[in-house]
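Presented sequentially are two complexes of chain A, the first with chain B as partner and the second with chain C.
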Partner chain A sequence: MSQSTPQANGNDAAVETVTLTIDGREVTVPKGTTVLKAAESVGTEVPHYCFHEGLSSPAMCRLCLVEVEGAPKLQPSCVTQAQDGQVVRTQGDQALRQRRGVLEFYLVNHPLDCPICDQSGECHLQDYVHEEGRDHGRSREPKRVFGRDDFGGDVLFYGDRCVMCTRCVRFMNEVEQDPRLTVVERGNRSVIDTFFEEGLDGTHWSGNVVDICPVGALVSKDFLYKQRAWDLDHTPSICPSCSQGCNISLHTRDNLVQRLKPRKNLDVNGHWMCDHGRHRYEFMNRPDRLTEPLTGRGTARTPSSASRGWRAALTDVVDRARSLAEGGRGGRVMAVMSPNASNEDIGALVEVVDALGGGDVVYRMARADDEIVLKGYPSLARRRDLAANGHGAELLGATRVGDDDATGGLEAVADHDGIVIVLGDELDDQGEDFGRAAALYLYLGAHPSEAATHADAVLPTTTFAEQEGTFTNIQGRVQRFRQGLRAPGSARPAWLILGAVAAELSGRETAPTSAEEAFDALAGRTNALAGLTWDGLGSRGALVNETVPLAGD
Partner chain B sequence: MAYPYTSDHEVRVLSEHFGDPSARTLEGARRNGRYETLKKAFEMGPDAVIDVVKDSGLRGRGGAGFPTGLKWSFMPKDDGKPHYLLCNADESEPGTFKDRELIRWDPHQLIEGCLIGAYAIRAQHVYIYCRGEFFEASAVLGRAVEEAYEAGLIGKDIMGSGVDIDVTVHIGAGAYICGEETGLMNSLEGRRGQPRVKPPFPAAVGAFGQPTTINNVETLSAVPHIVKNGADWYRQWGTEKSPGTKLFCVSGHVNRPGNYELPLGFPLRTLIDEVCGGIRDGNALKAVIPGGSSVPIMNAEEVARCDLDYEGVVACGSMLGCASVIVMDETTDIVKQVRRMAYFYAHESCGQCTPCREGTTWVTRILQRIEDGRGTEEDLDTLVEVTDQMTGTTICVLSDSVAAPVQSSITKFRDEYLALIRRGERVGAA
Partner chain C sequence: MGVQVKVIQRPEPGRTSYLRAALKGMALTFRHMVNPTKVTQQYPEEQTDLSPRWRGTHVMETHADGRPKCVACGLCPTVCPANCIRLVGGEDDNGNRYPIVYEIDEFRCIFCGMCQEVCPVEAIHVGQHFENAEYSRDRFVYDLDRLMEQDHPSTLLWDPSDPRSE
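Coming up: the complex of A and B.
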């Protein structure tokens, strides 16, 4: 099976190029580029269904046919290679007529059930017919009916909406390499089906078939009838569920994450994401939140305590910390952080620890027994480390403790009599005695925790979905994620809170006011991130100085 | 021993031993001179074999009429890869039954042709892809291949020549589209029988990803005769561009249907009236499909002036195809006939290309509605436009095969459609 997954961008200066004319515009592309991709490079989308960048090209939907001067027939642009001097017309009468004809064929048996179709609003059949289709269909014949089928996993199949592009079949064959789908029967009776009752149950990547289905034939059970596509906001983000760092979009509405979708990044995840990550988003919508900063030992036990606001809380924290440090009663600082904290959050935490005379920063991280590798894209896997930023934490000087269930390992912290700081780790396995002996116990988190009972300050933070920042993935790629949700109450990003504390403690006049400033300052003082800039991260991320080789790269 | 019907007009080269069961055995075949030419070919060398076939002007008998020698010359030389010769014995075009007879009566003629062809294109393996429904023919062929293996005519060091060629008979599973050359390759490899996008062409990337040539049974059966007797001998029949003899499968409303081997360029009307004994019951001729059901229908006027060679039939508005002449007399209901053919293609469409998958069924349903007396004149325009959208827009030509009979019948027999539409009245037989 020929698989056309370009792993790296063609930055090589020695690449041979060809120059052709597409719709009157001269286009220069690397040799071997298809006409479809060449057209795309100058912003011309040639409509297509069966072609998908991450899959083989069967050239069977016949929608992407274009006029090529000298060719006796229309040519499928998805498999026709661009050649020097070629003259291509994507908008010629013949090509337009062909597309209008093919689109009419698609509608002969399509149920046109757009009002109740989940794909509606992001459907390529709607889009193409709207752009170039006939204003009425000529078919008067009864429609063929297949009905609905449960394919297993999270996937439902609406056979009547299918355009038979076979992307889903090819994904399972070529990319997941677990051939669970096939075309049965032939001709107009062709339909996608599973083998017996097994279906897609037990697969790890089959959610992707819903993404690549250009119409509403394959839909997610989880998302079924949940939202209209056009009501969703899309926020570029990074999947927090393992250390791969898959690029994703948070699809949100009503300040809730409604679903996750993979976002293309050929350096990390191609077009794909795993089902494990895809379906772990409910935690971003947790309603039990810390919303106001509270200070004074035991405030967490009386949530009705009136907050005196951030200024008072931070002044209080800084004063107490400074007096402890200056009086030599702080000892070494013990900090526990979440491996889903951003680089900027961790950087600010380390800065605070250093300003207080130094100490240990530890984190706990769940670790799966095995990687789940996507066979057709082997640099992508559901990694063993089930958190986004363990690598970033290590690079910034944190140490992993505890077991593979992210429990234990905190004995020294729990009973520490100096300064204790908790950032994000919810300490679910710790009791209310945690930090009882601490001279000063700062708890920064998004959610209430029994282990915060003895905190001297409970400072509400945003979740990663509510802030901007960066994660460093397993390979050492630093990638940006953006804010998709509004934070509740007075919750603030940890880098902002801790950055202000660090500035105050070290007598600096300014603290970072944006994630960008926080990152650039962090990169400026951290060897591992030397040379990186926020702007330089771009849409594909940037590698730290020492990277970890991945299989398949 | 008269093979069902014969005619004095015939030139029986390939069909010489039709009707003689002894020709099926190796012993009988050897008595008929089979495998003598193979030895000669080995002495000539592969390039000389290609040259004589080129000079003979032999054209592919599967329907497309592509020059066989030229096709062979596309095969790469000294590329170090395995080469394959595929023999297309998936004869499935409605109206065609010549390959079946060639296999049934003279399997060793075909095997010898396969071996010579394989030698010419430097193939080490021949696959004969035999239509699944050819129960008798495939059994005969299987026995013949076994006999030839036992006699050292296939396999290692054939007749001491140092040439190794294996022959495998592969039985299809019953899909028309597996007769399309690249669909056949997919089927042979165990994949879905779906035609492949070209390029790459089979001579570069064919069966199992290797350089491959695919030839029809009749083409390969003609090869030993050409190599034995020379190009000029073969050119004594036929026309400049369409030399040689051809098996014509005549079916339909004639008194003596059957296979007739005639020189190319033979007049169609003479074929019907003299060779086949005329139209049944003295009826008048209405239409002829000259090349299998996928070519345009000819009306009586076109039939009257048509000579049966590749160019002659095109000049009369159709194509020679595989020379499967379906004769229809005045009692024929053209709409029903066309609907029945469209149904066949709708049933046999592999379903990958949208215009074919959706179009063949749509067209069939419109035709059915017209046949049932529920059509409109607009339907005729729709049929023409829809079949236009199905022509030249797909990976293979199955889609075009529906367009040809539909469009030609609407042009040439529009009155019959209109009669059904206007009065719900069917012309001809009920």
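Coming up: the complex of A and C.
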């Protein structure tokens, strides 16, 4: 029976724990933990299909059977609760024999089409059979054949490969709470199907069923036959498509993002991400890029003009800015930035603006009409703000202008006769007259823009996928993202460019040389980020210590 | 231990002759000239017999309707130790997986034959062929069409009459 060991000190709620033995090792876990999770905590993965952390456990795949001393037969570890004094053997002869048998049954009908299956390389059936299954099949019966079915949305269904774990059905029932999938027929002929013709069309979260499918039964149409899973590099990142800040992995190959997958963070997105964000990755692969720093008015018009390199470009920029500021001709600085700039980028921009005598930093951000909430995980939603770091921009002193399509609002900037700085905003709605009157117009961006025609300096920056940094999400959680792609040419992160300019303008000897230094310096001088450190952000992020409402809220 | 030097006494100049050695060599040449079991091969008029396990220029097998047998599974570029295979998979009109791009750089290839060994559908083979001289380097990158056109016999990685080498 369980023994309670309430924690004596602190405000932590008393957690009852139980101690059990798994494969000869003592494990102490909170009461109510399943044997499967307890085994996982000591590094033993018990094979499982139907169990998924974010879903209910029907214990129907019969693959997580383990030996529990005293129990008359093998127990499904995904629903068996850990109890005090329990002795569990996950690798006992009986358990292994039984699991080998179960796996053989799965292969009675599962086609051996791994060479053409997209799941190959990340397939749990492959892994488990490799680890615990037979090396040769004994079944001589013909396999049943269903063919493939278009489920709508981004989801394609290969019925032959299905192992009937029903994770997808339970996801639609329990998490999205839009029950559109079900099991039809019985026994050998049972198969997942949609209720009506519409299938998964019009759902906002159904891409997750592809992620949780342990085999290749549900595959993404977007990713179909595109790359092999084992060729992809995984980079932890943050979804840039709304202010929720879902933790994602960039799956990259050949210096291109091939797909996005959610990454577990129970504080932000659980195991899920929305289809809107999942399919918005092509912009990271855009080939039209600025690659070399160019200075001199009108350089953007003649892209062939030879670059003299970063040192010359930044010296030129600093000299001109300083002479304007000293001559009193700079006026207030007007800066336009993208709400997808990282905190470090924005911090460096604000520093430059302050060093030039102060001014306004504005950003434009698209806003959707509604939030799309994931009903079974209400803290997760596709937020209205369709950019990653609007919250961070507000915290660092930027103001939102323009309308909900991220257009307009720049009348004061376009004709400003002082210093104009543009960071990341492509100014799609502005003509080539933008900044014509400016005494000094700096355009920092990844992509060429017509509105950069009159720029005095065009400085190529990296996109968020090509640099390290942090975003602040709608909860005020500062989260790190890492570099997944190589930047083209001489493109540099904006914090590096602007940090060097700011250091030069304010006479400091050193400028940050890593995102870590940039963040720590920013946290040191900004109230909103006070107390945060790069190392302290960890894998789940850290909350800022004040809440600033977003414009329009 | 000191180094021991053995001094060889050469015969004085004028007391030796090349004649004997030269005659010995010419005698050998003459014997070969009249030998009926000649070993010189008149390549390229006469072609060498290659071993059935000779690993040379690749061959892509095709279906009866002319499609390549390759299903773009990606195992050959994965296993290739020389990284000489470039493969881009895609979906054809019938929804099947097929190679949009399949290129082998025969210059970079080390002809280990692992691509043939790993292929699950017996599509790519190394072949019993070695004459692939070209006038330019880029011609050594064989694309899918060219690999399918190769008509030389493909390599036998094992003896069909003794598949287990028993």
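Throughout what follows, the second predicted complex is superposed on the first by the 533 of 553 C-alpha atoms of A that agree within 3 Å, B and C clash if a C-alpha of one lies under 4 Å from a C-alpha of the other, contacts with A are read in each partner's own complex, and residues count from 1 in each chain.
Going forward, a residue touches a chain if its C-beta (ideal position, glycine included) is under 8 Å from a C-beta of that chain, and two chains touch if they have at least 3 such contacts.
Just so we're clear, the structure is a prediction, and the values are computed from it rather than from any experiment.
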Touched partner set for A:N109, first chain B, second chain C, both or neither: first
Which of chain B and chain C A:L63 touches, first, second, both or neither: first
Touched partner set for A:D231, first chain B, second chain C, both or neither: second
Contacts of A:N188 with chain B and chain C, given as first, second, both or neither: first
Which superposed partner A:L125 touches (first chain B, second chain C, both, neither): neither
Per-residue touch tally on chain A - higher for chain B or for chain C: B
Which superposed partner A:V268 touches (first chain B, second chain C, both, neither): neither
Residues on chain A lying within both footprints (that of chain B and that of chain C): none
Interface residues, chain C side, partner chain A - complex: 71-75, 78, 89-91, 95-97, 120-121
Residues of chain A defined as touching chain C within the complex: 114-116, 120, 148, 224-228, 230-231
Touching residues (chain side chain A, partner chain B) in the complex: 58-63, 65, 73-74, 76, 79, 97-98, 101-102, 104-106, 108-109, 138-141, 144, 163-164, 166, 183, 185-190
Touching residues (chain side chain B, partner chain A) in the complex: 175, 177, 192, 197, 346-362, 365-366, 369, 382, 386, 388-389, 392-395
